[in-house]
Every structure is written in structure tokens, then in C-alpha cells.
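Before we start, here is the structure in question, set down as C-alpha cells.
Naming follows writing order (A, B, C and D), and every chain is counted from residue 1.
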Amino acid sequence: MINGSLAPVKAVITDVRQESPGVKTFTIEPAGTFTMETHPMAKPGQFNMLGYPGVGEAPISFSVLPSGEGKKNKKDKKGKKIFGHTVRTAGRVTGFLSQFGRGDELFLRGPFGRGWPLEEVMGKHLLLITGGLGLAPLRPVIEMARSLAPIEVTLLHGARGPEDIIFKTEFARWQRVGAVKIGLTVDNPGQEQEIAGDIKIHSGLITELIRPLRIEPAQTIAFICGPEIMMRFSARELMLKGMSGSAIHVSVERRMKCGTGHCGHCQIGPWFTCKDGPVFAYDQLKGLPDVIL
Amino acid sequence: MRIKTEYLGRVEGEAGVRFEIKNGRLAELKINIWEPPRFFEGMLVGRRYDEAPDIVARICGICPVSHMLTSIRAIEKAIWFEPGPETIAARKIMAYSQIASSHLVHLVMLALPDYEGKSSLMEMMSARDGAECGKNGETEKAKKTKKAKVKDLLKKFINVKEAFNGITQTFGGRALHPVSMVVGGFTSFPGEKEIDRLLSGLASAEDDLEDIAGLISELKPPRLETASELVCLSDDGGYAINGGRIVSDMGLDGTEEEYEELFEEKEASYSNAKKTRLRERGQIMTGALARVSLQSRWLGEKARKPAFSISLSSSSGKNPFNNIMAQAAELLHFWQECKKLLEASGAEKQKKQKFPGRPPAREGEGRALTEAPRGLLYHSYAIDRTGAIRKANIVTPTAHNYLAMEQDLRRLIEDNIDLPKERLKSLAGMLIRAYDPCFSCSVH
Amino acid sequence: MSFYKKFRLHKKDVHSPKEKNPEKKRVGFFKFSCCTGCGFELAYFQRSLKETLESFDFTFFRLASSAGSPEGPFDLALVEGAVTEPFQIVEIKKIRAASKVLYAVGSCAIVGGIPAIKALAPEMEVERAAYRERLYEMSSTRPHVIGDYVKVDGCIRGCPPGERDLEEALASVLIGKEPEFIEYSVCMECKMAGNACVLLEDGLPCMGPVTNAGCGALCPAHHRACYSCFGLMGQANVPALKGKFRKLGFTEEDIEKRFFTLFGALGETGQ
Amino acid sequence: MTGASAFQKDYKTIIPVEALARFVERLGEQYTLTGPVGGGLTARFEDVSSFSQMDLDYQSTMLPPGKKYLFEPVQEVLSFDISEGRFLEDHKDPQMRKRALIGLHPCDVNAILYLDKVFLGQYTDPFYRIRRENIFTIALNCKSVTDLCFCHLVGAGPYLKARSGYDILLTELRGLLTDSGVDSGGSGADMDGGEKKFLLELASEKARDLFHALSPDKGKPPEEKDLAKIKEMEAALLKTFKKNLDMEAVQNALLARPDHHALKETADSRCLSCSNCVMVCPTCFCHDVRDETDLALSRVKKIRRWDACQDISFARVHGGNFRAQRYARLRQFVFHKLDYDTQFGMKATVGCGRCIRWCPTGIDLTEIAKAMME
């Protein structure tokens, strides 16, 4: 009686990687009756409700997808498809999940939501602006960026401190294999001045990386993900450069509980974050109440 | 040799006991009730008359119904209100079920571990298969029976608890700090279905209740004889709980109205609780033992079992340790009474009407006495024309028993002065617990 | 083997080697100035008594056991009652230091409850009505809530505490998660139960709209106005309800003195 | 069974109240009968054992019938066996009894149509679906309006215009019509000596089958003048509405002034955040799901219960609350009801007035909207 979208299914954690203090990436493999075939393929920007009985559920977007991921991660040794979620220890559910290790089982529902508008990337300069954990939902986009045929890919990433930068080990590969131009900045500069050999870490706000950027507004599409205030100022910066709000896409995090647009918690104006989002064009949200954007 | 317990366990509230033995004689003995006072008599001043029951309920977490009943009746007397027969019956049900619940907690959770040499019911449970159950001198068979009885104790305890709590909850809205019992009556009455459910709950608890009472009846309390006067309420209509004349085993006979003339309350230098005594007569003992001894003619046949005759005979009726026997007898008695009242209540279901609202304020004074689980409880109020309380006085069972507790403890230590320190200490705790004191009430 | 077992945190620093049953969570139950009702609720009145006694190790619970030490360490400390005497301040700080998780239990500990009525009267007025000779030996102070002195990890509201929140708190400790307590108004529970509205239909001064739920809308279900024994909910709009009571014809004195000072004159713990 | 083509949607007949009663009572052999009891503004939908227990003259209820029976206040949605480490496969929908909801006013029928869009849209809620499938709806056009009704502004009443989503529509004919040809005129509803009759319209195949199988009296087809009379009655009723608001103007005005002082002032001086408005709203669908674990750690139940945007924790996320201020929560309710039509392509208010009536301080969303447009 309960279909996959409402009933949680079991999955197994096959690998755990500490990305930064308090942030872990869980590599997950379907278990039991749950296979990648029974569940529709996820798109970048979509999310799963990860949870554990008795504790609750939390919406976590995909940071690793079976498709578009680097060859090494696409399938595990047995050829099973795997995917990943990057989780920061924050609330009740993520705090509980942070105790989990390899071999532990968790429960999930999904995938839910509208992903990044990848179909619009072709022939455009793809500008990715991320803050903190906001890099996670864009990681699959970076991995598959080349297949989307953009003319250029730029990633600007901001974090609190150098130690808080997630996916550190991937930056060099993205630069090399994906020809991604990367800019990094932190609020609190530490000892580390650069990572992966040659990416310099600036100190200051992410807008300071956007400002000197040369973009052709009509031929640029921006995907932004991070704290709401950071997204607001980034979008403002881009609009000052002449970009239209419809080409700026943001992913908002709200109190999503059901994923199906039933429970009403994630409403932003007339939208449901869980089914109409979490990715919205900036135009869609601008001026709505209870939105910082 | 100084013997000191700072914080007595398995009693309601906070108190300690200390005594000193010098040259083989008891030099000093104090039950120090350090429970912080909340000054209810002061807090009540200025509040409206119909608020008092909800406030005084919070004097005690185990006998809120008694405080509510006493204050409601004192207030109704002050404002000249007479409740109808259904209200009186429902109040009886509330009182009986609450006293039964309270006794059940005391017998199983608070008192019984003393006889098992354990610190708590939890410890008894975890050690129930150990060798501790049968004490020295018992036959194998007796040990086995006892073991079997203890084995399912928690299950039985919960079953009986559910039955009695269910009654208080159904009539009062909740079992602890009930809401529907107010000045003027009840804001709602349970329906026929709920009464049936309560009756079947009582029926299913009958065997377990008898087992628990049986377990208590087999205990062998230490010997002791109190010099206190046994005092309780008495009524020609039955086992007196909510009002009646004040009587004693030494010929006392007075009315509620005469209470303040008969009794006097004195502050103690080392304790937050006051000590209450009969003027020119001395200390009294009140509670289940006094009730069962003086009102035995009203006890139902269940409670008249030979097992409890020990507490009914005149000599053992003066042993404060036997209070637990009397409580067990009352537990059985109230089971029977609740059943009777519920059956009658179910039959009269049609008569129940909507609560007409609180009766109007009126200037006056009211005094009421009830039998709380632990004994005599007195409330008196002076209410002004606007309905505000101008003066309140509350004397609780443990304040009534305080002097007797100290006197009896003195005698117990003197009788056993040669025992080792630890044994004396545990004996002292056991006696205080036998009184089932409620220190929160005593200080209030 | 319990499903949650492998996720239980066992911190070495709070584990004593003498512990008989290290599987069980160690609970300390502490009473300050109150009626012990919360203690009785936990040890007697609530539905899950059997499971509670079996799942936890009550290493300090004076109402139920004469053994154990208040020194801890505790996985969970439950504290009932208001702080009305200086020695209790020292104690609550010790308890906090010895406990991983500390919940305030019941209205006295959370919003002041009935003992807080004392705070409304001039110094010594209330005391004087109850004592004479002993008055100046007493150290009773203005009542305070637990959260005034230590960090409180959660509030199990009610007088007596609501069973749902109590179970949620205990189950959360067993599972090792943060509990979700009830934070909405009594009206929500009342409407869900389909009760007639005693405020609008009967004109009774019902405190439900500003009172934290958890009781199951008990009073309105029994045709009685809620008297706020669970305390005010977060951001309660007290002036708005006072305005409504005024319209119902209650006097200013009634409104000030009666409805909003019976429980929780001290406000909220930890907020 | 006859094919769908044979069914004429506009089947109409006039039957006397006794015949209706007999039909409903026969219906009771197959369905639990649920209808308005108590009357007036505080009637309640309850299960009844006979037609006569219902008061079809009722004006309004506190809890809306559709929401009460299709989307229950508290519902266990899933359970998990901890010892086995799995969600219970055998946790099926509770066997639903078929229920006939009788006497729903047009606003409440429209509210069900709204809930259909919420729960039977892109994702289907299984609990709602099975209840919906097992419900037989007999709607009843209003014969009076209350001071707080504004269904006429949103097309949700007082006469039902929707052509689907219910099974039978009743309109009580006042006074004497076809039989004697005497027109009582006026609005004297229960005329002395006048026979109480209803225009009965069958709106579904199920209704047609059941009516023909069960009703002993099939009534008479209405004459032109009967239908004309009904139109007159509707027109007369429309004149009795007290509330007025330009709904089209509202559409654009609210979002343009999200921080209007009228919202803030109402929130500060009157809003209690008690959520009564949401609880009694027939279209409010928000709910919360919480895991409740028993202390023996044997079972986790996922419990769903009604939730409300007025509740302080509703919009709390880690690190903040996007509706921390009271006026923001009040705004969410007012805007959702009056402005966010795009959400489900239908107005989220049906104009029943319950949120106004059951607000302890009488906050009126139409008044707020008016003030915001000034």
C-alpha cells in the first residue's frame, strides 16, 4: 500500500569519508527490496530523506551519483551501483547519523525534488557558486559538467576556514580532467595557503571572488548553493553584472519532512521546496515573504 | 556513637534522622524534616476560593485528592454550599481509589524492600531469583512459595495500580492532580461504558491484589508499642473518610469545628514541619492503623481476613510497624467499596446532568477534616465577600504523626540499644517508613 | 540484542567499573521544592512503568530507593521542583556537572509552578502567614527555575508531566537522539480531539490558547477551562488573551491575579 | 451494472423528505451514516443510526467533515519492528468501513476537492486515497448563510457549482411547489403544513445505481417552474451575505505588501498563535510526522498529526526559524488562503468562515486583506 516515496527502504553504508570537521560523506548501496531499478534514477540537485526509525528523517541531497561520477566511484567492486550523501552533524537526525560507520544500515526515501536545470547548460558559461556544505549538491554537476557541453565551467567556493573546505582531494582532478576553473575563499584564514598544489585560498567573502570575474551575462548560467544570505549576495553581484534572475538558480534548504508536497512544512510562498524545488530560479523566489533572498 | 541519615530513602519528601548513643544510653534523637517550605497557607491568601483545590493539590504528589477533597469541603462549608448525592458518591470513589493507590505504592515500593533486605523494588526485582528471598529459619517450601509470590510482583503491582489509577483518572480527568473535581461538584461524570471498563479492571486485579495483601500479611514486623493515642474520624454511616467525628482509643470525641480547640500546632527548632498534639493529652498516631483499629466494624469481609487480625487485636494494634498490615487491609476494603460504588454509579447514570458552574462566593469560614492515606488532614479557610481567601490553615497527617514518630523511634532505639550501628540505622528507617510519612505534606 | 545498542554512546569518562549493568542508562532523579508529583508520575502513575524500571538503572532516586549516591555520574538527570533555598543552587550545579543530559521535569522546575506564587507577594508576607518563631531561621528565597542556574537540555512540561513528553525524553536517551518535545498550544490538541470550545461556547476563561500542550486538552475535555498547569508556550501572546478575558467580563484584578499567575509566574527555563 | 454511457449526470428528481429518509436508511445497511448532529453553528458530524438523528438545518460545524473523516487528526502511518530491524510488511491500511457523509455544505465539498489536489496529486497519500474511495457524499445546498460566510466570493457556495467530487446534491425546496402548485413565496423554510421536499441530483454513477436500487420512491422530475424557483432562492440567498471582498484585487495586493502594518498590528494585539484557525480550516492540510518509540525498544510508530503554520516550531530549521515572528506566521495563513492559488490551481479558501468564528479573538482574514488594500 505504501509506495517507495512514502515508505523508507533499507540501504547499507559501504564507505564513510570524513570531509572536514563534522562533515562526512556516506557511500550508500541499496539493500533488500530496494534496488536502483525499483527507484528512479536521481538527478543532481535532488535529495533523499535519510533517516533512522525512532529518530526521524532529514533531507540530504546527493553528493555522489551513480551516473556522471568519476570512473572509480561509479560502481563498487561487485558492480553494484552506489551513491553518496554528504552530511553535516547539525540537528537530531544528522547528529544521530554521524555515529554511523561502514556496514551500518540506514533508511531512506527518494529521490525527491527538481534538480539543477542541466538542459540549460549547453553552450553557456556554467558558473557554480557554493558556500560550505553547499558544494555537496553541486558535486555531481561538476563531475558530469563536461557532458553538458558548457563553454566554460567556473567553481567559486567559500568556507569558514581552510579546514572546513570539503572534497579537498577532488579539486585538482576537477581542474585537470574537467577543466574547471576554481576559486576558493575562507572567512578565517589559517595556516593553509593553498590546496592541491596550486589553488590559492583567498580570505574574504565569496562576493570578492565574483566581482573580478569576467562573464558574458547572456551566455552565463549560475548555480548557487550555500547559506541563504550568501546566495542572496552572490545573486545580487551577478545581477549587477547584468545577469537575469531567470539564469540564476539557487538551491534552498527548508524544513522538508515528507518530500511529496503533502506536509506543508517547506512552503515558500506558493512553492513547495520539496517538489517545486529545492532548486529554484532566483526570479521564482525574489520578493516572497519569509525568504531572505 | 552518632548515627545519622541525611536523606531518608523510600519516603515522600526530604528528611533525615540522627541520634546519639552515649554510654549505652540514647542521648539525643531528632527527625529533621528539611523539606523546603513552600508556604501554602501564605500563598492561598488573596486567591479566589475556587482556585484553592487546584493549588493545594500541589502540596502532595501522592495524596492530591485528599487535599482537594478537604479544601473543597471546607470551602463549601464556608460558602454554605451543599453538594448533591452523586457528587458525594463520586468524591468517595476518588478518595477510596487514591488511598488504595497510595497504599499500594507504600507497601510495594517503599516498605516491602525493608523486609527483603533490599534498597528498592528495582533491586528486589533484579535479585528475585537469588537466595535472598527466604530469610533464616524458613522451610524450603515456605521459601519457594515466597519466591513464587515475589516473582511476578511487578506485574501484579502494575495490574492493581492500573485498576485504581484508572478509577481516579476516569472520575478526575487524571490520577495525579485531577481536574474535574471542583468546588460545587464535578465538571463531568464518566459514562456507562467507562464505568464498565473500570469494573472489569477491578475484577481483573482482584487476584493480584489478594496476592500482594497476602505477601504483606506474611511479613514479620519488629515488636514495638506506641504510647500515642490512636486518632481517626468516625461516622455512623460507614468507614469514615470525608468528614465525621474525631475519636480515639482513649475516649476522645469531638467535631470538625472543634478541631482547633482540640489540637495545637508548634514550630520545631530543627525542622520545617510543625509538630501537632492534642492539647493537654499529648502525641497521637493517625493513619491506617488507627482507622482499622477504631473503625473495624465497618470493614468489608475481604479486609477481615484472619491474616490481618494481627492489627486488629488491642496489643498489636499499638505497634506502629503494623501500620502496613492495616494498609493492606484497607487496600482490600477499598477495592470492595470502589466496586460497590461503581456498580451503584453505573445504575444511576441517567441522573447525571451538566455541571451548573461554580457556586457563588459568600463570606464565611469553613473547617474540614478528612482521612488522607496517612491519616487526619485538616483544612480551614476564611473567605471574604468577594470570594478571596483571607486566611488558610492546613494541618497534615505527617504533622499529626511527627511527635509519635519521634517518641516511637526513641523507644525502638532504647529497646534495641545493643544492636550494631548499621542495624539501628536501618531499623530507624524502617520505623519511619512504617508511618508512611509524607514530608512534602508535613512542611507544605 | 537491541536494535539501538550499537549506536549507544559509551563514554569512558562517565563509566564506573563497578557498574553492574553497563547496558542500562544511569538515571538520577532529583527533587527540589515541590510536591514530588513528578517523581510519583515516573515511579508510579505513568503507563510505561514496567519498561521504565527495566530499561533504566536508577542509580539515584530517593523516592524509590534508599541506596545510591547523588554524586553520579548519570547518563540522564531528571530534576523536579523549583529552587527556593541557597543549598539547592550548589546541588543543581553538582548535578549538572555529573550528568550527560539534564532535563527539567514539571512546571515547578520549568516555569515555577505553584511555588512561584510566592514570588508575587512582598518579601516575607507569604512566609509570615505560615510561620512565626521559625521565620527568621529559614533561608527560603524568591523561587527560581532550574534554568536560571544551569543549562537545561530539555523540558518535560506539565503538572504532572505529560506522558508523551516523558516517554519521548526517556526513549530518546535509550536511542541516543535529541528528543522532540511538544511546543504547540492546548487548542491544537483540543481541536484534534473535537472538544467543544469552552472559551467561545461557554465563555469560560480558558488558558488553552497560550498554554503549552501535552495534557491532551484535559480540562476542556472535562468541560473545564484550562488553568495553564503546563505553563505558557513559547511566544505566548498574553496581552491578547487578557483582552479577550476583559471582553468576557472578567475584572482587571481577576485577570491579573487569577489566570496568569497560578502557574509559571517565573517564565521559561532556558529561554 | 449499466455502462457509464447510460448515466446522465444531470439526473434530477424531487422527493419528499420521508422518501429521502427511507433511502438514507437503506443506504445505512451498506454504509456508516455520518451527518450533522446538534444543529446551529456548533453542529458536529457524527455517526448516526437513523436519518432523524441528523439536523439538516444546521449552519456550520467546528471541525470540517471532509478533513475530519478523510484526513484524520492523528494517524499511525507506519510501524517498525526494532527486533527484526524492518518496517512491518503487514502494516496495511486499516479496513475502512464505507461511510456516507450526509449533508455537506458546498464549501465543505469544495474543500474535499482541494484536499484531493493535495493528497491525490503527483504523489498519492494512501490513507487519504482509501478513505476517499470509500466515502459516499451527499451534499446539501445551503438555505441560510452566516455573518461570517464568504463562499460566494470564491465560488464555493452557497449552491454547489462543482460537477464532480460528490455523489448526490440535495436542495431543500421551501414551501409548496409542484404538487399543489401553490407557491409559499418568501423564505419561510419549514412552512406549517407544507411538505418538506428536496431536489435530488445524482452526480455519479454510484449514486445513480444506489438511488435506483435502494430508494422506494423515485420522486418526480422537476418542472421548469421548480427550477426557476430554485434559481430565485439562490439569488435571494446571495443577497444575504454580509462579507465582501474583491478577490481579484486581493490576488495582487497581498504579495506586494508583505510587511503591511495591518498584519503586524493584528498579530501583536490579537493573534494568540493558538492555531485554532488552522485546525478548523477545511483545506488546511499541513501535518507533522514523528517517530514514537516505546520504552521497551520494540516498536517505532510513525505518527502523523495535524500541524499548523501558527505553531512556533513549524518553520524551524537547524540554525533558525524562517517564521520566527508572529506576524510572519499569521501572514502565511492569510496569504496561503487568499493568495497562493497557483499552488494547486484553486483558491485555498472555501469561504466557510470557520477560522474567524473559532479564533478566540475573532481575527478575520478578509478584514486583514481589506486593510492591506487600503
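Descriptive notes on the structure:
Everything below uses one rule, namely that a residue touches a chain if its C-beta (ideal position, glycine included) is under 8 Å from a C-beta of that chain, and two chains touch if they have at least 3 such contacts.
No experiment lies behind these values; they were computed from the predicted model shown.
Ranked by the number of C-beta pairs in contact, the top chain pair here is B-C.
One inter-chain figure worth recording: chain B and chain C are separated by 25 Å, centre to centre, where each centre is the mean of the chain's CA atoms. One inter-chain figure worth recording: chain C and chain D are separated by 39 Å, centre to centre, where each centre is the mean of the chain's CA atoms. The distance from the centre of chain B to the centre of chain D, with each centre set as the mean of the Cα atoms, comes to 53 Å. Residue positions 82, 85, 290, 293, 307 of chain D each touch two or more of the other chains.
Touching two or more other chains at once are residues 53-56, 91 of chain A.
Residues of chain C in contact with two or more other chains: 3-4, 171, 175, 180. According to the touch criterion at the top of this document, the contacting chain pairs are A-C, A-D, B-C, C-D. The part of chain A that touches chain C in the complex is made up of residues 53-56, 91-93, 95-96, 99-100, 104. Of all the residues in chain D, the ones that touch chain A in their complex are 77-78, 80, 82, 85-87, 92-93, 118-119, 121-126, 130, 255, 258, 285-291, 293, 300, 307, 309, 314-319, 322-323, 328, 331-332, 335-336, 339-343.
Every residue of chain B that touches chain C in the complex is listed here, in rising order: 7-14, 36-43, 45-48, 51, 54-55, 58-62, 64, 101, 105, 109-110, 113, 119-123, 125, 154-155, 158, 161, 165, 173-177, 179-180, 182, 187-188, 267-269, 272, 354-355, 391-392, 429, 440.
Put simply, chain C touches chain B in their complex at residues 31-41, 43-45, 49-50, 53, 58, 61-68, 84-85, 88, 113-115, 117-118, 121, 125-134, 137-138, 140, 159-160, 215, 218-219, 221-224, 227, 229, 254, 257-258, 262.
Chain D makes touch with chain C in their complex at residues 42, 44, 62-63, 68, 73-74, 82-83, 85, 268-276, 279-280, 290, 292-297, 305-308, 311-313, 326, 357-358, 360-361.
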